[in-house]
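Two complexes follow with chain A in common, the first pairing it with chain B and the second with chain C.
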Partner chain A sequence: MPQPSLLTDDLVQQLMAVGQVDILVGIPTLNNASTIGPVVRAVHLAFARYFQRERTVLINSDGGSEDGTPAIVRDLSLDEPDTLVVRHALRTTHRISAPYHGVPGKGSALRQIFAAADLLQARAVAVLDPDVTSVTPEWVRALVAPVVGDGFGFVAPVYARHPLDGPLVTQLVRPLLRAAYGLRLAEPQAAEFGCSGRFAADCVELDVWDTPLAQFGIDLWLTGRAIASGCRLCQAPLGPRTVATGTHRPGLSETFGQVVGSLFTLLGTQADTWLPRTGSDPLPVLGPPAPPPAEPARLDGERLLQSFGTNVRDLKSVLDAILVPETESALEAAALGQPADLRFPDDLWVATVYQFLAAHHQGVMRREHVTQALLPLYLARTGSFVLQHAGTDAASVDAALEALCLEFERAKPYLVQRWTGAPSR
Partner chain B sequence: MAQMITSAVSQAAANFVEAIRLFLPRVVTTLSIVLAGWLIAAALRLVVRWILGWLRFNAACERAGLAQMLKAADLPQADVLVSRMVFWIVWIGFLLSGVDVLGFTVLEGLMASFILFIPRLVIAVAIFVAGLLAANFLWRATLLTAVNAHAPSPRLLAGAARWLVLILAGAMALDQIAVARTIVLTAFAIAFGAVMLGLAIAFGIGGGHVARRFLDRQFPGSPTERAPDDVSHL
Partner chain C sequence: MSGPSTHATDWYKDALFYQLHVKTFCDSDGDGVGDFRGLTSKLDYIRDLGVTCLWLLPMYPSPFRDDGYDIADYCSIHPAYGTMDDFRVFLDEVHARDMRVITELVVNHTSDQHQWFKEARSSREHPRRDWYVWSDTDDRYRGVRIIFTDTEQSNWAWDPGTKQYYWHRFFSHQPDLNYDNPAVQEEIWRAMRFWLDVGVDGFRVDAVPYLIERDGTSCENLPETHAVLKFLRRRLDEHYTGKVLLAEANQWPEDVRHYFGQDDEFHMAFHFPLMPRMFMALRLEDRKPLVEIVERTPAIPESCQWGIFLRNHDELTLEMVTDVERDFMYDEYARDPVARINVGIRRRLAPLLEGDRRRIELMNGMLMSLPGSPFLYYGDEIGMGDNIYLGDRNGVRTPMQWSGGWNGGFSSADPERLAQPVISNAVYGYQSVNVEAQRRTDHSLLNWTRRLIAARKSSPVFSRGSIVFLKPVNHRVLAFLRSLDREQVLVVCNLAGTAQAVQLDLKDYAGAVPIEMFGKSVFPRIGEAPYVLTLGPYDFFWFRLRRL
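Take a look at the complex of A and B:
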């Protein structure tokens, strides 16, 4: 049972009125008035179309919106023609909006959603991002059906996107997690996911919720937790993911610090799980993959590489403490020349990432500084990859990304050696 | 007359022998104190170094960036430096105690002054070490922020931040041990004021557009105003 303080009396009363449910969809919000409506409609359409016999509830956990988001969720009318089917659902449509308490951030919202799922003994839980405009009822079905129908414990999404999109995922998060945990997850850092009620209830009991990891990297932590807990994982293709253009998202520097800091911290806390694993296994993908968009995002590889040389020179004294001399020399050599001619090869990138991860683990300096120092190198690597593959087709880029993942796997013994080795270089 | 001279000389010789007889034990005592002090100080140096090694003091200094600064200044490792300081403070204490035993009027009270000086010295060293740590932290934070913000001359900015803190810490430490207090404070105030005024004028004249760009980036008019290739990396 959840701790009483996680759920207010008012929320408990509303939940008791709902009673036991089969499916719970959670939407954490903070000032999402302009985008929340279609997401709520999609959820209710999914309930009516695909889960007519199941008892369902939508819970909005709000972080103190000042634009009326909770009111929109509560009062949204479902009488439009395309949602007519909702009115003829076999079961009552439940919808609750409640503010969460605790550390501001998505972590606290998810904690409340999981606690509610635990109280309502939900069989399946799905979580959606309120800023995404491409959410369809099929997304909910894809995230929930594997849990309800096939007994999976965690469902990670697969987005349809060009392989040159999302370079932070493709160049760092995905290959590193794949090499570490030995599982080929396409989107380890996804805001949407599905899970069993049992997994949600187990997570509520853990003492991660008040840490920075929950505040800034809850999506990664949940993926890591699902792997470490040994529950059955699968992937569900969702189609293209489009975020509202007016959404205020943190800048690259902040995003990079949060994602990479959380990733490194997660690996630090779960070393016992991933250190012994070798190779990688594919995960079942339930459903046909959607075709990726023909055009990738506009990334200017030459511009990303422009400051590579000066950055390496400027950061020399910081890199001295993180990298081994051979890697540093190779970086310096790679940074010489005109931006258009610079290349950051796979093996050098893998060695760099592993040495940064080990330095983060060993605490050679403040951990935020380690992740901050990796950002210019990541930009250079991304620029190099984009320049190298800009003119090629998606299949070739996919092959190059697979080669990068294999390089991460091949070099894993080196990471283990550095991880378990002497603290100082 | 000759008898008087003989008597005076013999008296003087007797007095000299007596003085030597009285002074020699003091010299021996002083030497014993100095020798014992050296042994105790040397032993303490080993103990302090062992404790610092057990506490992984060098690794901590490396994390804080202090080790890098010591290396740049051609100084020994942090644990060696601290243990040497302990050695010299203890041995100088014994040395002054020994000198005090000799009973020289001019050296009287030296030991008392030294004992009063030690706490101030320790505080001054602590201030300076804290300043070193703060300076190094600020240097690295400034360097990384400047590099990631594509600011011009990141090393210059970071170095300026480091030296400002170091100068401030140095002035505070010197003020604590009352070394040329007036000169230090006046020099510091003039230098600090001059640097700040110079930076303000330089930035005002030459960096207006940089400030405008920075403010535009920090406080955009609307969330959709982004650089053309500022795409999501996730």
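Take a look at the complex of A and C:
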């Protein structure tokens, strides 16, 4: 039986005309008409300013937009004064918009972009989020130049953000992945990244694309894949990341489930890679860091803690199956206090996360239930952290986050023990 | 005085020019310097190539500090090249072969050894003082660019005798004539008339944008300069027919357009910006720079024509490109810094293209099919090399390689006595690259070039037709249609070093049968659907579209 094609005949025709390229920038879209224009402009400006001699192409992989996104990508004029430099580029400017087929989601879009990169033998690939309004040409340069110039295989971004922002990353994803893989990645699940053409081509052939991981956690998976495959990683400061207001994003519960589910699943599939690693190493950061915003996003610590006690009581039967008694008791004790006085210390948080991860791996219950049960604990931990550090300067918060990462690292042998041991409380 | 048998007054529109240096073409008397007798003996070779007009580098008396572009006497022949009688014989023989000759007319400046300048600098009161441009200070016309950036630091030079500065746009030993003085204009016209009466068919006029200077301007392309040129053209038209004036104005097409005037200045002008973009397109494997410059080129009067070329006696000039493009060209075509001179690259065609026969053919194929009259530079038809270590631009002016024998057949003199050393390296040396060897091989570059020229001359569409670019999505493919009346020729070029497929939108020509112009092969009839072609690396096709 013939294999289904990743690329439509029409897209192959367009790619044939483009021919071999040095740099491919991919933008997955779905109904991004209101924000896609500036992103496309930034990409072409980057080509004209920083990659004048390289053969370049922008590929938009669209999931069936009904707001005219592909037409905007195709027809966007670059004749305005600020983009006139594009017209004076040495080479023909290529811009392609094509629908992707398969499971709806970013994974399918990326698979198409990677397949195109493979066909065009791209040396470097960068992927951008169409909803981000702070994209500049320098972002493209930052993500591509380490691949083209220095031979890196994967470039993860570093966003300029206040250390109290992005708690799901700072409290869970970043420290857990750092402890697991032994690499200090600032943004392990970034929507923007750069990679080598070889990495992209290798990914095309893997079995991930039809799984939920591709649908909901492809960014995390790619980072993990990059680490597991042994390619050279580096980080590139991009500056602040601002998402357009009004952009439809899933709610916290859905996001948490997708991210943590993907994170735990990823670790489950790559245990051979991370289990033996100890400690952590810094990654090269290519370029000067951008200053973070002076003010963090508003997080109401007390509100995050408000339902903690109720949640711990309601989830008792679930927590019984996941946590060891000492941890569960410590949580129950913490939940007794008033929200303003509640403290969720680092060691308790790390033990909680590791026990949840092991439970997810060992399948003590439906895995969705495991991740759902972690959400109220995560909110409490975040609320506690915010209250503890409200009013302190960013450097102090950074130091506290570093201490949390070190606690995750210190406790890793415990995780390994839980992971490899028999399911037990 | 004789003339060619073809009498169309706009013959230059269909001409195929061949540029050569008498000094290095053929030496008849064994003194190491080429001469008119030697050149005359090679006219059959030039005619057989398909050439219809010769362009001679300066053959006037000169101290040769700029290879003859420093003229010391406008109305005689340099004794090393022969006598006036030799020149007249040469001219008769050219015309007897239905070819023509244009000579170099350096109007902007003279040598500092010219009698005019010697008199002008003899005292401030001398009647010829005002034939040149003088100043008490060297800060007039501040900001005017320096052309020979490698050797000159100012456009002014000090004359210690009369304690004034004189103006020179080129070397300091080449003082600029003062065209604000009507006597200078008349004297230059007299020089032109002298040669026209001898029988030359026109002039390639050197450095025309710089004739007049005005404060607060770039001193280039000034209206007063155009007035001088219109004066010379008016005189020419009053006294002669069938002559041509060809402008060397290394400027953007929209600026060069003014040198055609309303058909009252030059008949022809070189299209300088096109040349580097052909090389750029080839290296980028992208038609963009070439298409852009052709589309940016304004229309010219019906009787006028562009002169197009790949290489000439000068450096591959990079004045009419952007900084980005210049850097690219240097990096791609002149990695060895010695190959760079002024704002350009001093290399011949074959070394620029790394001796790659396929690229040499493609570039010649484009040259012969783009709008304009093509100029071939002597020796490029056999793929001659260069010697970038000879200084200035002498490396691309080495002796013509006629055979594998003594001095490449150029001269019987001792090699040490030659005006320029012959190329003798293993790749481009006369032992391996020469006319005699290539004549014997049907598929040699020489014979291929001959067939290419014959194909071009088989249709007037190339010299007089319009051009429309097809712009298929594959940017590596350059495709255009040349049309004249009912004649249509489709040109398709693969700029890439890899095989390419291309779909051409030819539905406006549905029903036509493409006939490949070199082998006469018939290709599938054009229909409504996109016409698919595949081309090997650097392949090109010329198709005559026939309604059969």
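The working rule: the second predicted complex is superposed on the first by the 420 of 425 C-alpha atoms of A that agree within 3 Å, B and C clash if a C-alpha of one lies under 4 Å from a C-alpha of the other, contacts with A are read in each partner's own complex, and residues count from 1 in each chain.
One rule holds in what follows: contacts are C-beta pairs under 8 Å (C-beta built on N, C-alpha and C of every residue); 3 or more make two chains touch, one makes a residue touch a chain.
What you see is a predicted model; the values in this text were computed from it and never measured.
Taking chain A as the reference chain, the count of touched residues is higher for B when chain B and chain C are set side by side. Of the two partner chains placed by the overlay, only chain B lies in contact with A:Val318; chain C stays clear of it. In the overlay built on the shared chain, the residue A:Gln52 is in contact with chain C alone; chain B does not reach it. Residue contacts after overlaying the shared chain place A:Phe256 against chain B, while chain C stays out of touching range.
Once the two complexes are laid over each other on the shared chain, residue contacts for A:Gln189 go to chain B alone; chain C is not touched. Look at A:Gly19: by the touch rule set out above, it reaches chain C but stays clear of chain B. No residue of chain A lies in contact with both chain B in one complex and chain C in the other.
Contact residues of chain A toward chain C in the complex are 13-14, 16-20, 52-53, 88-92, 94.
Taken together, the chain B residues at the contact with chain A in this complex read 59, 62-65, 68, 137, 140-141, 143-145, 147-150, 154-155, 222-224, 228-234. The part of chain C that touches chain A in the complex is made up of residues 280, 284-289, 322, 324-325, 328, 472-476, 496, 498, 500-501, 503.
Interface residues of chain A, counted against chain B in their complex, comprise 165-169, 189, 243, 245-249, 252-253, 255-256, 259, 297-300, 303, 307, 311, 314-315, 317-318, 320-321, 363-366, 369, 372-373, 375-376, 382, 423-424.
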